[in-house]
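Alright, structures below, take your time with them.
Okay, so chain A shows up in both of these, paired with chain B first and chain C after.
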Partner chain A sequence: MNVQAPPEAVVEAVLAFADDELVLGWRDSEWTGVAPFLEEDVAFSSIAQGEIGHARALYELAAGVLGGDADTLAFDREPAEYRSAPFVELALAGDWAGTIARHWLYETADAIRVAELMESDWPELAGLAAKMDREEAYHRLHAEMWRDKLRGEERFEAAVEQLWPYALGVLESPQRARLAELVGREEVEAVVRGSHDDGFAALHEEMTMVRRSVPGASW
Partner chain B sequence: MIWEVFRQEREGQPLQHGGSLEAPNREFAEAYAVEFYGRRHESVALWVVPREAIVEIAEPYVADVFDRDYRRVDGYSLKVKLREARERAGTA
Partner chain C sequence: MVTAAQVWSALARVPDPEIPVISLVDLGVVREIEVDGGHVRVEFTPTFLGCPAQEVMRAQMADAVRALGAEPQIDVVLDDSWSTDKITPEGRRKLEESGFAPPQPRAAMGPTLVQLDAQAFRCPYCGSTDTRLENIFGPTPCRSIRYCRDCRQPFEQFKTI
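Up next, the complex of A and B:
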C-alpha cells in the first residue's frame, strides 16, 4: 500500500480552516443566552456548536499528520501559532447586525472553500469536506434568511461594508473573485491571515483557561 | 408571530402537535422548526402552521349541555347485553 503524506501546504490549510471554525464558533457562542429572541438563541448556539464540531474533525485530520490530537492543536498552541483569519477573531458580541453580516459573508466564503476541499487529492479531507457541507447547508440557509431580512437596513449594510476586506481574507487570493461575485461587491485589498489583533490574546486566554487549569488532565 | 409545529415520528403515523415557536415569517419558522424538531432525525415530516390559521373549537361549544348520554355509545355494554341474551336463550 502506498500511503503518501499530504503536502505540507495542504495540512497548513486544514489547520487554518480548523482555527477559523474554532474561533468563529467561540465568538458566535458568545451570543448564547443573550441573542435577540429565544428561538434565535437556540438556533445560533447550535450553529456555533456546529462550527466547533467541524474544527474538531479538521484538527483530528491534521493531528494524524502533525502528531498530537484535536485538543492539543486546539488549545495547547501559543496565540502566535494560530492561523485564523482576523475576520473570525473580531469581537462582535452585542452587535447583531455585525454578527449576521459576518455570518453571511463567512458562510458564503466557506461554501467556496468547502467545495474546493471536496475535490482534494487527500481522500480523508475530501470526505470530511463533503460531510461538513451537509451541515453547512443548514448554516447557509440560516445566514441567507437573515440576510434577506436585514438587507437594505442601514446598520447591516454598514457592517457588510466594514467587514468586506476581512471576509476576503478567509480565502486564498485565487478564490476571492468568486466571493466578490457571489456577494455582489468589488474585490478590495484583503485583511489576510498571519497576524492577530490585540483582542486575540484575551480570547486565547479565555478559550484555553480550563484546559490550562489542570495541565495534562484527561477530561 | 406564533407558529404551531406538528411532527410525524415515523412514516404512516399521524402528525402530532410538537410545540410552538415564534418567528417573524415563514422562512424563519421553517428554519426554527427544523432546528427544534427535525435536525436530530426525530421526525420524518413537519407541518408548520401559523397559529392564526388554526380554527379552535373549545368549551362550551363542544360540551354536552343537556343530559343526553343515551346518544352516546360508550357506557352501553354489549358484553352485558350479550350475556343476558345468552342466558335467556340457554346457550351461556
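Up next, the complex of A and C:
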C-alpha cells in the first residue's frame, strides 16, 4: 500500500479519466440493439463494457484516496462535479460517421494518456494503466479498421473536422501536439473540461436513475 | 489446519463462470495464496477489467475457502501481471476441446490487424488454419469471433492480452 498519498492533481486526473470512460462507455452502449449490423452491435456493446470496467477500476483507485467507493464516485455526484471532457458527452447514437470519428480520435488520444500514466510514480496507477493498455489495443484496432473504411468519405471527414477541437480537450495541453501529429491535423483551440455539453444533464439523470431510486441497491 | 496446497486444489475445482470447462487456477488468475492459521488470503487478478464474472469468481473462491473451514480474504490486484500467457497448458487443452481456440502467445508488441488477419489461427473443430476474423469482439470481453473456411464452422477465439 502507499505510505505517501499521491498528489491531489494526480487523483483529479484519475477521476477525470474515470469520468471519460464511464460517459463514453454509456454513449457507446446506446448502439446496443441498433447498430448498422450485428457485428457492430456486439463490438460497441463489448467496447462499452470495457470502458465501464476501466472506469470502475479508476474510480476504485481514486476512492482509496478520496473515500467512498466506485459507485459513490460514479453515481452519487452532482452533474457539476463530473470532470468528463465534453467530447465524450456528445450524443452521437444514430450518427455512424460521427461515432466512428469520435471512436478513432478518442482511442488515439487515450493511447497517449495511458502511455503517460504507465510511467506514473503511483505504482497502482502505473500497473492499472498497463493492464488497460493491453485491452485498449483491441479498441484501437477496431477504431483504425473503421477509420480506414471511412477515410475520404464526406460525412466522416466532416465529422472529424467538427469533433477535432473537442478531441483535443481530452488531453492536457502539453500532450495535444502529439495528438495533432498522430491525427495529421493542425492544433486548434480545444474544447476543454470544466463545462458540460448540453446533453450531459439528461445523460446524468439516466445514468444515476437506478441508484437514486434504490439507494444502496446491489445485485 | 488448512494448508496452501489444499487451498490451491480447492480453487482448481472452481469453474470459470463464463467458460466452465476451465478452472480459475487453469486460467491463471489466482496469483498467490497465503495461509495464516485459519485465515486464508487469496490474491486474484481479473482477466479483463470489464469482465462481468469478477464478482462471481470472488464469491466462489471465498466459498471454496470457507468449505475448508477457513476464513477467506480475497484481494483483487489490478495490475498487468495477468496475461493470456498465464493460462496453463491444461487450461489451453480444455479450452480447445470445448471449441474455444486458446490464445496465441503474446508478442512483445500488442496485436495488429495484419496479425489478426493472418492464417495462424487454428480452428478448434478441424485443425485448419484457413480461418478468418469475423469480429474482434465477441460475447464476452475476452473473446473474438472467427470463421473456419475449411469446415465452415464459426468459433470463438480467446483474445491474446
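The definition used in the following text is that the second predicted complex is superposed on the first by the 215 of 219 C-alpha atoms of A that agree within 3 Å, B and C clash if a C-alpha of one lies under 4 Å from a C-alpha of the other, contacts with A are read in each partner's own complex, and residues count from 1 in each chain.
Basically, contacts are C-beta pairs under 8 Å (C-beta built on N, C-alpha and C of every residue); 3 or more make two chains touch, one makes a residue touch a chain.
Keep in mind that what you see is a predicted model, and the values were worked out from it rather than measured.
After superposition on chain A, the partners chain B and chain C are seen to clash. Shared-chain residue A:28: touches no atom of chain B or chain C. When the two complexes are superposed, the chain touching more residues of chain A, out of chain B and chain C, is C. When both complexes are overlaid on chain A, the residue A:46 reaches chain B and chain C alike.
Contact with neither chain B nor chain C is seen for A:89 once the two complexes are overlaid on the shared chain. In the superposed pair of complexes, A:20 makes contact with neither chain B nor chain C.
With both structures placed on the common chain, the touch criterion links A:145 to chain B and to chain C. Once the two complexes are overlaid on the shared chain, A:134 sits against chain C while remaining clear of chain B. When the two structures are aligned on the shared chain, A:37 is found in touch with chain B, with no touch to chain C. Judged by the touch definition given at the top, the superposed model places A:107 against neither chain B nor chain C.
Within the superposed arrangement, the part of chain C that overlaps chain B, taken from 3-11, 75-83 or 129-137, is 129-137.
On chain A, the surface patch touched by chain B in one complex and by chain C in the other comprises residues 39, 42-43, 46, 138, 141-142, 145. Interface of chain A with chain C (complex): residues 39, 42-43, 45-47, 49-54, 56-57, 60-61, 124, 127-128, 130-135, 137-138, 141-142, 144-145. Chain B contributes residues 21-25, 27-28, 31-32, 34-36, 39 to its touches with chain A in the complex. Taken in their complex, chain A has these residues touching chain B: 37-39, 42-43, 46, 138, 141-142, 145, 148-149. Listing the residues of chain C that touch chain A in their complex gives 48-52, 77-83, 110-113, 116, 134-141, 145, 159, 161.
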